[in-house]
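Next up: some structures, all given as structure tokens.
Look at the two complexes coming up: subunit A is in both, with subunit B in one and subunit C in the other.
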Partner chain A sequence: MSTTTNGRSYKAQKVIDRMGQKLTRQMVGSLAACVHCGQCTDSCHYVLSNPGDPTFAPAYKADRIRKLFKKHYDWTGKVFPKWVKAGTVQTDEDLEELKDIVFGKCTNCRRCTINCPMGVDLATFNRMARGLLCHVGIMPEGVEYVAKEQWEIGNQMGVLKEDYIETIEWQEEELQDEMEDPNARIPVDKVNSEIVYVINPREIKHDPRSVLDAAKIFYMAGADYTMPSEGWDMTNFGLFNGDDELGGAVAGRVYDKVEELNGKKLVISECGHGYRSTRCEGPNWAKKDIAFDSESSVITMLKYIKEGKIKVDKTKNPGSYTFHDSCNNARSCGLTEEPRELLSLVVDDFREMYPNRAENYCCTGGGGAMSMAEYRPSRLKSAKVKADQLSATGTKTVVTSCHNCVDGLTDLIGHYKLGMDVTQLVNLVANALVVDEKIEENRKIHSAETSATAAQ
Partner chain B sequence: MSEKKQINNSTLGVIKADITATEIDAFVFYARNDLKLGSGFGNAIALRGGPSIRKELENLGPLNVTEVVVTTAGTMKAKNIIHACGPKFQEENIEEKLKTTIQNVLKAAEANGIESIAFPPMGAGFYGVPIDLSAKITIDSIADYLAKGSEIKDVVVCGNDTREYKALVPKLQDLNKKAA
Partner chain C sequence: MEKHKQENFHCEDFLSDFDFWTVDVADKLARDSDISGGLTESHWKVIMYVRDHFMKYEKGPAVVKVVKDCGISFKELCDLFPCGLVRGAYKVAGLPRPQGCI
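Right, the complex of A and B next:
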């Protein structure tokens, strides 16, 4: 371990230097404002599932980061350092200890944020701290693996372009079989489309059914859409590992492709952090003005039903359902009512879980936690509160609008033996589709399009 | 998307492409010290190249920073891979180490009769070298090497996306200004 002239490790010094470049006014406000009232404590699912362990308390975790700010960037830490608990990191071991807190004891779910009377946004500076550590190469192995996949392959799951295209073509064949229409297409790189549809790579790697279900909905709606051959991953690991450069690169690839295709609207499939990253944070990270509209596929599907473009029959989805709000959708983006409205249109028996909407508990797999195998036992222990919440609904199926939540919930449901299924709205909408006389119109449209393409 | 410049008997160009899918004598993989392929481009090498590359690497590591080794490229479009262990994550003397790594890649290419080679912007992306700095060092170091005369005919630097490509092009154009 190399050291600097002040005896601090080279990496520790880099972390401190970098912090100075990352302190926005929002961050400083949160670092300075905590009065240690403890209101955040009971909002954290880690605390609720580990009641005897104060090291899970948001204020305690925040102080591990706050002490650096006080020591190196705040006047109070220079005048009365002991009073304000100013402190530093001296060794690489100190950084490893910080890593276990910022990656292993918080999912950046922001539930403490909305319950803080001072508006302290722990998730924002916890993310910053993650970024400081990643900057010097200190991160969980899984974070390293996924971040490198997204930097270099272009998506979080290392799906190669040829495999992506092959999967789309496979789902196109399925679409043709199900719609009994040899001209049914899942267009790729079609220019001037009304919609450019971007997805989570999990859909290609583990759940191609979701691609097919979306294609069926677009088909029945007669939508003018395309999927892009590049820049198709709307997820963004930069949100999780605190790397704004990665965040900007990933979001920029999506935006560049929509512009290249001259798409009118970007539709983002169901994924909480993907939606937040691509629609809300991405333009800032990428330092780019976006000239096209964007929306969640939840809103697109809801519009199709309301505008009569598709018909659905809720009796096709028997059983009881509850809805899990993704933290990023609900707390960070306010997407709470549209999914419920849509769900109520495609199932008969919908029961709220409590608390819900912005107060809902994290699936406990958020913030990239599903990629960090070393923290899995702690994550699943912290999931007790979520398991109890799910169980109390008395339903058989939990619906969510987030692929990450699907995995987080599936893991905890298995661990706590709840016997519940997890599904997404796209699956329920596709299953409820009424294939009526309109399909004949669509067949004619697609036949004409195929003829026109062949003639070109 | 591509741009190129003649330097002595060689060309130096910039393209936007997936470096692991280029049809070329050799491409540079920014390798770990232990030579494990890992994720990202390493994953692409494992999937597209097959198991023989990993097998070759078993007996070649570990490497010190700036060292390089050459392997075949299995079933990939390229013939060889130059595994270059460049500096990572803000380590000390990063610019000098990057330059030495690039020189070592070019020397290894010549020693192995490699006539065309593709570089990534060295150290950019996951390993944290800012793209503008990486683009400048990569382009300038290759140009300096080729200016002394080389048997390597074609060198391209591959931007993985528009952001990288747009950072590389002005650095190539700066060479023309210097020459003028």
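Right, the complex of A and C next:
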């Protein structure tokens, strides 16, 4: 390991230097304000699932970052360093140790933040610390890989454009078959549309049912919408790896395409971090004023029902359901009531889990944890409290408005053998659609067209 | 069995070494992936397609490729591999755990 003249590794020195550039007023407030009251301790799912291990306590984890601030940037650390526990990083091993804390022991879920009487926002400076480490190449392999895919290919799963287009065409054929309408379309790059609909690459790469379900809803609502051929990935690993440059580049691609297509509104499919990144954080990262509206597809679907554009029949979704709030949707963006209102319109038996809304526990796969395979055993052990919470609802299906939560919950449900299913609102709304009349109408039109063609 | 020793399996029970894969290993992976009743001809068609794709591109195929090139519907794919494309078909085909959020 090469070192600087003061004996510190180059990487460690860079982390310290760069921290100085990242200390916003909000960050300093959080780094300075902790009084170690311990109220955050019981709010963290890692602590609740590992009660004997104090290294999971948010204040402990925060202090691993805070000590650097105290030592290098705060006057208290210069006057009485021992009292304020000022400390530093000296070697690359120190940085690896820090990596295991900021990536492996925190999902940036912000539950401790809302339970802190001093308003300390651990998730914000934990993200900052992740960014400092990524900048010197220290990060979990999965995070590095996904960030690279987003930089180079433009989406986090490395989906090629031809696969994206072919998948849309495939789902369009499925839509035509289901609706018995050969003219049903999933438009791509249609200019001047009311809605530009962006999705998670997982929907293309692994499971396109949600693309078809959304298409059915748009079709039944008679929506003027399009899917973009570029800038269609609304997920953003910049939120997870703390790299504002990546965050800005990914969100910027989405915004640029909406502008190019002259879309009126950006509708973001159900993904917590994607929603937060694209709607809330992205404009700052991309340093861009956004001239168009944006909303979650949850809001769009709810409006369609309320405005009578689509009709739903909740008896088509039998069984019992609970709702899991995504951290990014609920705690960071306040999207808590609309999903419940929508769910209540499409299922009969909806039971709250407790705690819920902004107090809900993380799916335990947040903050990019699902890409960090090395921490999976610890993640699943720390999911015990979530498993108990799900189990206590006595329901068969957990509904969530987040693709990442779908994967996190599915993993822990399998691990703890809960026997529950996981689904999203788009699936339930599509399944509840009243379509028989429309299909009958399409059948008549199609048969009249066929007869007219035959007569010619 | 010697060839099923734990060190040959990477995290999340994906195979760590693509070349270690055998028909016998596939059977074990299938049992771990909720496939009851053994691997059928339809399973093998998907498995071999996924392996060929990985050998060519070092990545698992997108679902559209599997469905179109194997001539099956998405529902049939889900029925064959209840754990889905990645935790089902990729895993049984001996692919290493894909990077990223799965």
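Everything that follows uses one rule, which is that the second predicted complex is superposed on the first by the 435 of 456 C-alpha atoms of A that agree within 3 Å, B and C clash if a C-alpha of one lies under 4 Å from a C-alpha of the other, contacts with A are read in each partner's own complex, and residues count from 1 in each chain.
The working rule: a contact is a pair of C-beta atoms (placed from the backbone, for glycine too) under 8 Å apart; a residue touches a chain by one contact, two chains touch by 3 or more.
Computed from a predicted model, the values in this text were never measured in an experiment.
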{"item": "Which superposed partner A:5 touches (first subunit B, second subunit C, both, neither)", "value": "neither"}
{"item": "Touched partner set for A:202, first subunit B, second subunit C, both or neither", "value": "second"}
{"item": "Contacts of A:145 with subunit B and subunit C, given as first, second, both or neither", "value": "both"}
{"item": "Partner chain in contact with A:315 - subunit B first, subunit C second, else both or neither", "value": "neither"}
{"item": "Partner chain in contact with A:137 - subunit B first, subunit C second, else both or neither", "value": "first"}
{"item": "Contacts of A:167 with subunit B and subunit C, given as first, second, both or neither", "value": "second"}
{"item": "Which of subunit B and subunit C A:376 touches, first, second, both or neither", "value": "second"}
{"item": "Contacts of A:153 with subunit B and subunit C, given as first, second, both or neither", "value": "first"}
{"item": "Common interface residues of subunit A - those touching subunit B in one complex and subunit C in the other", "value": "145-146, 149, 158, 160"}
{"item": "Subunit C residues within the subunit A interface of the complex", "value": "10-12, 59, 62-65, 67-68, 74, 84-86, 97, 99-102"}
{"item": "List of subunit A residues in touch with subunit B within their complex", "value": "2, 10-11, 14, 135-137, 144-149, 151-154, 158, 160-161, 231, 245-246, 248-249, 252-253, 256"}
{"item": "Footprint of subunit A on subunit B - complex, ascending", "value": "18, 21, 38-44, 47-48, 88-92, 125-126, 128, 130-131, 160-163"}
{"item": "Contact set on subunit A toward subunit C in their complex", "value": "141-142, 145-146, 149, 156-160, 163, 166-167, 170, 202, 204-209, 365, 368, 370-371, 373-374, 376, 404, 407"}
